[in-house]
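Report on the following structure.
Labels A, B, C and D are assigned to the chains in the order they are written; within every chain, residues are numbered from 1.
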Amino acid sequence: MVKAADLMAIVMARLLRDGETVFHGVASPLPMVAILLARRLHAPHLTYLNITGAVGARPTHLPRSTVDAALARGAPAQVTLTDLFDLAARGRLDTVFLSGVQIDRAGRINLSMVPGVRLPGGAGSAALMPTARRTILWRTRHDRRTFVDALPFVTAAGHVDRVVTPLCVFRRISEQLAVESLHSGVTPANLSAATGFSIAVDDSTPRTPAPTGAELATLAQIDPDRIRDTEF
Amino acid sequence: MSKIVSLTKAAALVRDGDRIAIGGNTLHRAPCALLHELVRQGRRNLTLVKTAGSYDLDLLCATGSARAVEAGYVGYENVLGLARGYRRSVESGQVEAHEHSCYTVIAALRAAAQGVPFMPIASLEGSDLIAARGFQRIANPYGEGVVVTIPALSPDVALIHVHEADTEGDGAIFGARFEDALMASAARKVILTCERIVDEQLLAERPDRATIPRFEVDAVVELPHGAWPLACPGEYSYDLDFLTAFAAIASDADAVAGFLAERLRW
Amino acid sequence: MSKIVSLTKAAALVRDGDRIAIGGNTLHRAPCALLHELVRQGRRNLTLVKTAGSYDLDLLCATGSARAVEAGYVGYENVLGLARGYRRSVESGQVEAHEHSCYTVIAALRAAAQGVPFMPIASLEGSDLIAARGFQRIANPYGEGVVVTIPALSPDVALIHVHEADTEGDGAIFGARFEDALMASAARKVILTCERIVDEQLLAERPDRATIPRFEVDAVVELPHGAWPLACPGEYSYDLDFLTAFAAIASDADAVAGFLAERLRW
Amino acid sequence: MVKAADLMAIVMARLLRDGETVFHGVASPLPMVAILLARRLHAPHLTYLNITGAVGARPTHLPRSTVDAALARGAPAQVTLTDLFDLAARGRLDTVFLSGVQIDRAGRINLSMVPGVRLPGGAGSAALMPTARRTILWRTRHDRRTFVDALPFVTAAGHVDRVVTPLCVFRRISEQLAVESLHSGVTPANLSAATGFSIAVDDSTPRTPAPTGAELATLAQIDPDRIRDTEF
């Protein structure tokens, strides 16, 4: 049985395209791992961007904080976070990884508040989600409190392409999340029960291709300390 | 005209009710020793400005020093999760959370740094933050469309921890610079704390010269380990034991007071 | 995915009628070898964008390559005085002088770099440039007063000469960086010429890493002495003999053609 | 007889105050010399700013181009020109030196055009003159074509404090240039004849204090190649 963290990292890595610019923000171990994995596997010319402002860093170890100086190591160029937001603002950032405490059927996210509870805040999401060419959302929890019918507050909305969860991959089509593939071991009934809005899913829904040996081996090399597990 | 002052005097430049901008990002290079001194001196009603903070913001909320937080993110990332001091103080009504996107903090500081009342911004559409924060849309005077604007935010004081500074106030940051230089430009006063005071000539000889220039800076304090318990890139990492202990009790003001008194030997 | 191309191919990225931003300032670090190649290839109707230029702008006016200049200053400073090619072509109506203040060029590039249609600016009051250039005032949506705005300017191509670049397009400038990084951000395409191609790893090990990042850059040309006859700080000074000879004849198109053919061995 | 370049450099230096920030732009040999002279004489804590973005540079030789890398030497801090314009824009730049091909009675300048003649352009002046706390104008020519009653084009206007010429020092009072002092050897009649707008000047007008031996000696040390003469 492949662990959810491993499967999600691999699925997220597969979504990245060679040559593109890709950014992750604070509290983003899975995107960090996915980006470095994709660069080792099929996207050697990915330009890796993060909050340190380093461009094309080549970390020698992975930190728990995804703002760590380790993620600036080996970068030939250094700009500021402001420059990276500007890059997105002018429509030139290809892909950003974002998450939400709650996600609705349109792929909008809430990181701000639910009634009576203060959440950590959306960080860069309200700025990046409408401007980056593509947002990939990920969320390590898939239940009805997370995937909800209506958000009490919309922190960010924008160009969501995919949502990766421990149960499935959603793809946004006509501004609605649709199930693209179910992960191994997840039944259509499981998924419907865990999702707070109605989804079309049945036995004909594709299965997420299983991780290959090469994917798993490379993942183990890149993240030997299993930083990716800190999200679970 | 040396700007070197004691920690006590530097902290006294911050007044009750000030809006303060805090350098660094999440667990990295915040001026924590200076923030501890503000707490020790009993500063109150501070408004905290930051793109993404952790212990710095949590501390000032947990100790009752803050009355508002203008930030994009408050938390300990996946290292320790929630900032419970912040959360409790917001939920109890003691602190107002003026949520920003990190980029709207940047836009607001840019407006202040450029001496204009607002900054247009190419994003935020679809976000409830526009209405929640009262961000105004204005018509493009050169063509079609409207653009969201962010009002200028000029902090009373920016508190920034750097690696090296000279006595005149030139500050050099090695590695990620975050928004610190922008904060320094936008703020009315700037206090630098630094790992080391160095000779001006030494900074001049470095290929990566200081990026916070003397003309922004009002006071410099030499404070080795001044970002502790957060990290200072290239110098030390964050103190996980301390942060773990703090984060666990951050929602309990009395426990926080006792913890700080003991651990900081007040 | 190496971005290294020949000078011929790099110049071909610039099309007739393009608006081009030119790096450097006055007599320093303009991409002159690339500009020479544009002239050699017969490029026409270019609009030139720069805060303060000298030979670069004078050359493209004198050779009939330019149709407009958007700049704050055109001249050889007190080294050689007036830019006669520029002056004659403007006075004859061949080139339109769209005068800017250096800071309005910056504001216009900032707007483009930030993806917004205009930038507010805290100056220019009292200047006839506001009316001459049609800069619009807009009301402050957050309080009293009006503010002058500058419309965004997105060059088709930015041409920048740097000290070192890697094959992926990261460009490192040593010393004064002027507005080159901003130009790169604002432009749709970016061509770097460089004194030296270096290994990416070498840039990563420098304390002053590249400040023009690969994601801005479309083409890199290795061109030692690529700023000549202008200066490249730390590498060589401007060529006073060449510039003196050029400046003296710059108002005579035929003489300029002959001079360039001889001196550049076309 | 003191040369005009020497006198002007010394008079300009005297106007600078210790501890202030002072900026000069392109084509500004006299301001460059004046700033370095003031720093050596009475204003050791002047912060010297120029187009290179260097802060507090300590040049070891003076170049003819006032954008030269020589003017970044020895600077502990390095920002960009943009940062310096921003400094002025937010009202924090103390003093800027500017010049004009033409100057009117209000201390407004023209660097743009006179009918039929294209001039080099105002560089930073339109941005700096209204925003810097104080502008010191200098002009090495003092005649009726230069000091004019009306400008065909106002390139910049703003907070002019003094105008230094080879004949006199003007001070702006109530938005009008008034003669503050006459240089040695200049008669009231000379000055009136050379100035294109009416001025109040007579035998009671103060004389510019003569350069001291220390001023002249320090000037000779700072600018041994007489770069200051390139403006004449």
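Criterion: a residue touches a chain if its C-beta (ideal position, glycine included) is under 8 Å from a C-beta of that chain, and two chains touch if they have at least 3 such contacts.
Note that the coordinates shown come from a computational prediction; the quantities given were computed from them, not determined experimentally.
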Inset, instruction - Report back the single chain whose CA centre is most distant from the CA centre of subunit D. - result: A
Inset, instruction - State the pair with the higher C-beta contact count; candidates are C-D and B-D. - result: C-D
Legend entry - Centre-to-centre distance between subunit B and subunit A (centres being mean Cα positions), rounded to whole Å: 27
Inset, instruction - Could you grab the centroid distance between subunit A and subunit C? Build each centroid from C-alpha atoms only and quote it in angstrom. - result: 39
Inset, instruction - Spell out, as numbers or ranges, the residues of subunit D touching 2 or more other chains. - result: 78, 89-90, 131
Inset, instruction - Could you check subunit B for residues that touch two or more other chains and list them? - result: 114-116, 121-123, 181
Inset, instruction - Sort the chain contact graph into one of these: line, ring, star, complete or other. - result: other
Inset, instruction - Pull out all the chain pairs that touch, please. - result: A-B, A-C, B-C, B-D, C-D
Legend entry - Residues on subunit C engaged by subunit D in the complex (per definition of touch): 25-28, 51-52, 71-75, 77-79, 82-83, 86-87, 90-91, 97, 99-104, 106, 110, 121-129, 132, 175-179, 181-182, 231, 233-234, 238
Legend entry - In the complex with subunit C, residue positions of subunit A that touch it: 19, 21, 45, 47, 49, 55-56, 58, 73-79, 83, 86-87, 89-92, 131
Inset, instruction - Over in the complex, which subunit B residues touch subunit D? Could you list them? - result: 1, 112-116, 166, 168, 170-172, 181, 185, 200-201, 203-204, 209-215
Inset, instruction - Report the residues of subunit D in contact with subunit C in the complex, numbered from low to high. - result: 25-27, 29, 51-54, 64-69, 72, 78, 80-82, 85, 88-90, 108, 112-113, 116-118, 120-131, 153-158, 230-231
Legend entry - Complex interface listing, subunit B residues touching subunit C: 111, 114-123, 136, 138, 140-143, 145, 147, 149, 151-152, 174, 206-208
